[in-house]
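Take this structure first; my questions come after.
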Amino acid sequence: MEVNKLINSINDAVSEVFDGSTIMIGGFGEAGSPVELIHALIDNGSRNLTIIANNAGNGRIGLGALIGQRQVNKVICSFARSHKSITFKEQYEKNEIELEVVPQGTLAERIRSAGAGIPGFYTATAVGTPLANGKESKMFDGKEYILEKALSADFAFVKAENADRYGNLSFNKTARNFNPIMCMAAKQTIVQVKNFIDVKETDPEKVITPGIFVDKIVEVKNPLIETHAIENGEVYP
Amino acid sequence: MEVNKLINSINDAVSEVFDGSTIMIGGFGEAGSPVELIHALIDNGSRNLTIIANNAGNGRIGLGALIGQRQVNKVICSFARSHKSITFKEQYEKNEIELEVVPQGTLAERIRSAGAGIPGFYTATAVGTPLANGKESKMFDGKEYILEKALSADFAFVKAENADRYGNLSFNKTARNFNPIMCMAAKQTIVQVKNFIDVKETDPEKVITPGIFVDKIVEVKNPLIETHAIENGEVYP
Amino acid sequence: MMKSKLKTLKLGWTRNQIASKIANDLPHGSYVNLGIGMPELVSQFVEENKEIIYHSENGLLGMGPPALENEVDYELINAGKKPVTILPGGSFCHHADSFSMIRGGHIDICVLGAMEVSENGDLANWTTGKGIPAVGGAMDLVAGAKNIFVMTDHLTKYGEPKLLKECSLPLTGKSVVTRVYTNYAIFGIEKSGFKLLEINEDINFDYLKKCTEGKIIQ
Amino acid sequence: MMKSKLKTLKLGWTRNQIASKIANDLPHGSYVNLGIGMPELVSQFVEENKEIIYHSENGLLGMGPPALENEVDYELINAGKKPVTILPGGSFCHHADSFSMIRGGHIDICVLGAMEVSENGDLANWTTGKGIPAVGGAMDLVAGAKNIFVMTDHLTKYGEPKLLKECSLPLTGKSVVTRVYTNYAIFGIEKSGFKLLEINEDINFDYLKKCTEGKIIQ
C-alpha cells in the first residue's frame, strides 16, 4: 500500500469543513489564492466561518464570494481595504462581519509559530500603536516587545504549483507567500495543485513544503485568473 | 558596479574575527561543517572565543583543533559527547572550558529567532527537566512552557555547495542543517562554498539562503572529508 | 500656529526630484524596501554605478522593474499587487522568511510615505481612524528595517504641516523614522527634533519653520 | 523491593521481536522518528503492505536504509551521524524547519530508548548526571511528537527495574511517554500507572510485578 493524498473530487476534498470552522486561506492578492477550493466551500455551504488570510477577498469570486454568501463571521487579516474588496466592505460597514487586524509580519509569524509548536513569541512590531492594546509587553535588553500568540486553524486551503502523492509541494513565484506556513498550522491542510507529478520528479533539495504538512491534494489544472475574472464581472456561484 | 561578495583569500575572509568573538559554526557532525574556515581561524589566532554549534568537534581538525589550540572559552551546543570528541573532553574534565547544553531544537529555534528579530519565544521542550532551571515559565491553554531567548553571534561560519556573487546559497543534502539559520543570526556571515556559480545559474525558486543573509564567500573546491581525515590521524595545524 | 491659513503651493522639489535625492542616499549593495505609492519612484533614479537589491515583503528579493504587458504573470507581483519582474540573482521565499528579513534587521533601508511624522521619529501612515483599518506590512517594516526614510509632501493637501511635535493619528511605530525627505527639505531625526540636512533653494528658512510644527534644528 | 537480587536473565522477547511488535503498531502512512540505537531496528520489521515515512531530525524526511558502501555520502547522514539514503519523495530541510515538524506535533510517533520511565510517563534517557551532559534532540522529541514509544530492556544490566514510581535520574520530559515496549511486556501509560497491554508468554504476572517498581494496571 502506498501513501497517496490525492483526492479526485474537489467537493470531497472540503467535505469535512463544518459550521464554525476556522480556515486559513493562502495567497497574497491573487497570487497563490486557492479560488477553486473556496468555491467548493461555497457549494459545501458551511457557515459561521472564521477566515485567516492576508486580504478579505476581491470582487464576487473566491473569498469575496464566500463572504458575499454570508458564510463568514470573522476575518483575521492584515489588509481588508482594497477598491476591489466589495463584499467585505458592504458587511463591515453594516457591522455584519467582524475584523481582526494583524500586522502582516506578525500574522505570518503567528501562523508559523502555531505550526512550529511555539505558543507565543515577542516582537517589536506594533509596540506603541493601537494594535498593541491589551497585549502583554516585556523588556529585552532595554527595548520593549509585545507578546503575540500562535494562530492555528481547523483547515488550511492552499494553492500550489506541483505536488506528488506524499504532498510535497512547490509554488509558482510570489504565489508561495502564506501557503507554506499555513500548511504547517492547520489540523487539516487541503491543497489545490496545478500539476500532480510523479514522485520520481520530486527533487529532495527543492521541496518547499514537505508532505508531512499536507493532508489532501486535489488537481485544478486551469485555475481561474482573478484579474481576468473580475474584469469580466464573473460571479460565483 | 556589481555586488560581489567573493573574497579571494580564506585568511582575509576571517580577518575581522577578534578576541572574545562569539562565532556560530554550521554543520551537524561532519555534514556541512566549514572545516577550512575554522582552520583559517586557527591561523588568525583569535582567542577567548565562544562557539555556538551542534557539536564540540571531532579529532584534531576543524572545531576539535580550534579547541585543541585553546582558542575557545565556551561552547554552546546540544551534544558535546562523542567518542571522537577528544579535545573538548580533555579540557572539560579539567574545568578548562565552559559548556552550555541546549536541546537541539531549542538551539535551532533560538538561532532562527535571532535572525528573525524575535528576542524570545515559549517552548514546551525541557519543561520539568534540569535544563529549565532558572528559566521563566508561562501557561498557555493550561500547559506550561518556558521562555527561551534569541541566540546571536558576531560571526557565522558556514559551508555551502553553491553560491553566486550575491551570496545566494544552496546546500548538499543533510549538510543544510544549521547553516541557513546561522546565516541569519550573525552580524557577519562567512561562507565557504564548493562551487562559486554565475548568477545566471541561480534558480530563484531554489535558493535556500538568500544573499541578504551572507556577507563574504570564499571558494573551497575540495574540502577535507572529516571521516577520512580522522581515520588518517590528520592534525591541524 | 496658523495651520489652516497655509496655502498648498507646489513649491520646492518635484516628486521625481525627491525620489532622486533618496536614490542618491542609497548605498551601493544595500537591501531596500520601497513602500507602495510615491516611494516606488525611487528606483528609477539610482545611478548606473551602483547596485541596489529590492525586497518586496510578499516574498521577493531582487525585484526588477514593473512587468511589461508581455511579461505579466499574475503570480509574480509586488507588495502593491502589481505585476513585476525578478532580476538575475533574485529569489522567492514564504511570508515568514520574508518578514524575518524585515524584523531581523536585514533590510538596510525602507522608504515609506507618511500622514504624520513627529519630531522624535514617530510615524503615522496606516489609518486616519476612519473606514476599514488596514495595516499591511507597515508596522513590521518600521519596527524592523535598519533605516526608515519617509518620503512625503511637506504639507497635507489642506496645507497643514505633516511634521509635528506629536502625531495626532494612530501610530505605525514609535521613534522609528531616521530621515524625512519632503518637497521643501531633508531632515534627519535627532533626539531634539528634525535636524535640517538640506533645504530647497526656493524655500526660505522662516517659511520652512512656519510649515513645520515640530522643532527644527539647524 | 529486592532490586539487587533479580538476575539479568535474557528472558522474554528478543530485541528483534520487540522491534517487530513496535513495527506492527505503526499505522500506514505515519511519520515516525526512530531514536539512535535499539529503536533503529524497528524499520526492518514493517510489513510490506504499509508505508512509513521516517524523519531524521537533522533535516531529512523520507529517510531510507543505511547507505551501502558504494552509496556513502558523508553529507547524507542520519541523526546518529551514520551515512543513510533518501527514498523517492523524501526531502531535506534546515534544522529550524526540521524541529518545527517535531515541536509542532507533526511527527506521529517517536521511538526512543530509556534509562528510566515512571508510572506517570516521565522519561529519563539523556544523562546519568556523570560525564559530559549531552542532550541532542531528545527533549524536543519527547515534548513534541504526538506519541512517545519507549523501547527498552525491562531491567538494567544490573537487574534493576527501569519502570519506576518516580525517575531518579534527570528527566528528559515530564508525562511524555505514551507506550512502553520491553522484553517482558507492553504497557500503555495511564494516569494510574503502567497499563498492561501484552505480556510475553514466558513471563508470569507475579514475576513481572517483581521486576517493575511502578504500579501495573491489568
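Think of it as A, B, C and D in the order they're written, each chain with its own count starting at 1.
Assume a contact is a pair of C-beta atoms (placed from the backbone, for glycine too) under 8 Å apart; a residue touches a chain by one contact, two chains touch by 3 or more.
In this text the structure is predicted, and so the values were computed from the model without any measurement.
**Q** Weigh A-D against A-C on C-beta contact pairs and write down the one with more.
**A** A-C is joined by more C-beta pairs in contact.
**Q** Taking each chain's centre as the mean position of its Cα atoms, how many Å separate chain A from chain B?
**A** Each chain reduced to its C-alpha mean, chain A and chain B end up 34 Å apart.
**Q** Could you grab the centroid distance between chain A and chain C? Build each centroid from C-alpha atoms only and quote it in angstrom.
**A** 29
**Q** Note the residues in chain B that touch 2 or more other chains, in rising order.
**A** Where chain B meets two or more other chains at a single residue, that happens at 109, 112, 116-118, 123-124, 171, 173, 204-205.
**Q** Going by the touch rule set out above, which residues of chain C reach two or more other chains?
**A** If we look for residues of chain C contacting two or more partner chains, we find 86, 92-93, 96, 99, 102-103, 144.
**Q** Kindly provide every pair of chains that touch.
**A** A-B, A-C, A-D, B-C, B-D
**Q** Touching chain A in the complex: which residues of chain D?
**A** Interface residues on the chain D side: 28-29, 31, 49-51, 53, 55, 61-62, 86, 88-93, 96, 99-107, 144.
**Q** Considering the complex alone, what residue numbers of chain A touch chain D?
**A** Interface residues on chain A, with respect to chain D: 1-3, 112, 114-118, 164-166, 168, 184, 199-200, 202, 204-205, 207, 210-213.
**Q** With touch defined as at the start, can you tell me which chain D residues reach chain B in the complex?
**A** Those in contact with chain B are residues 56-60, 73-77, 81, 86, 92-96, 98-99, 102-103, 122, 131-140, 143-144, 170-175.
**Q** Going by the contact rule at the top, pick out the chain B residues touching chain A in the complex.
**A** Interface residues on chain B, with respect to chain A: 109, 113, 116-124, 138, 140-141, 143, 145, 149, 170-171, 173, 204-206.
**Q** Can you tell me which positions in chain A touch chain C when the two form their complex?
**A** So the residues of chain A touching chain C come out as 28-32, 54, 78-81, 88-89, 92, 99, 101-109, 111-112, 123-131, 171-181, 208, 225-227.
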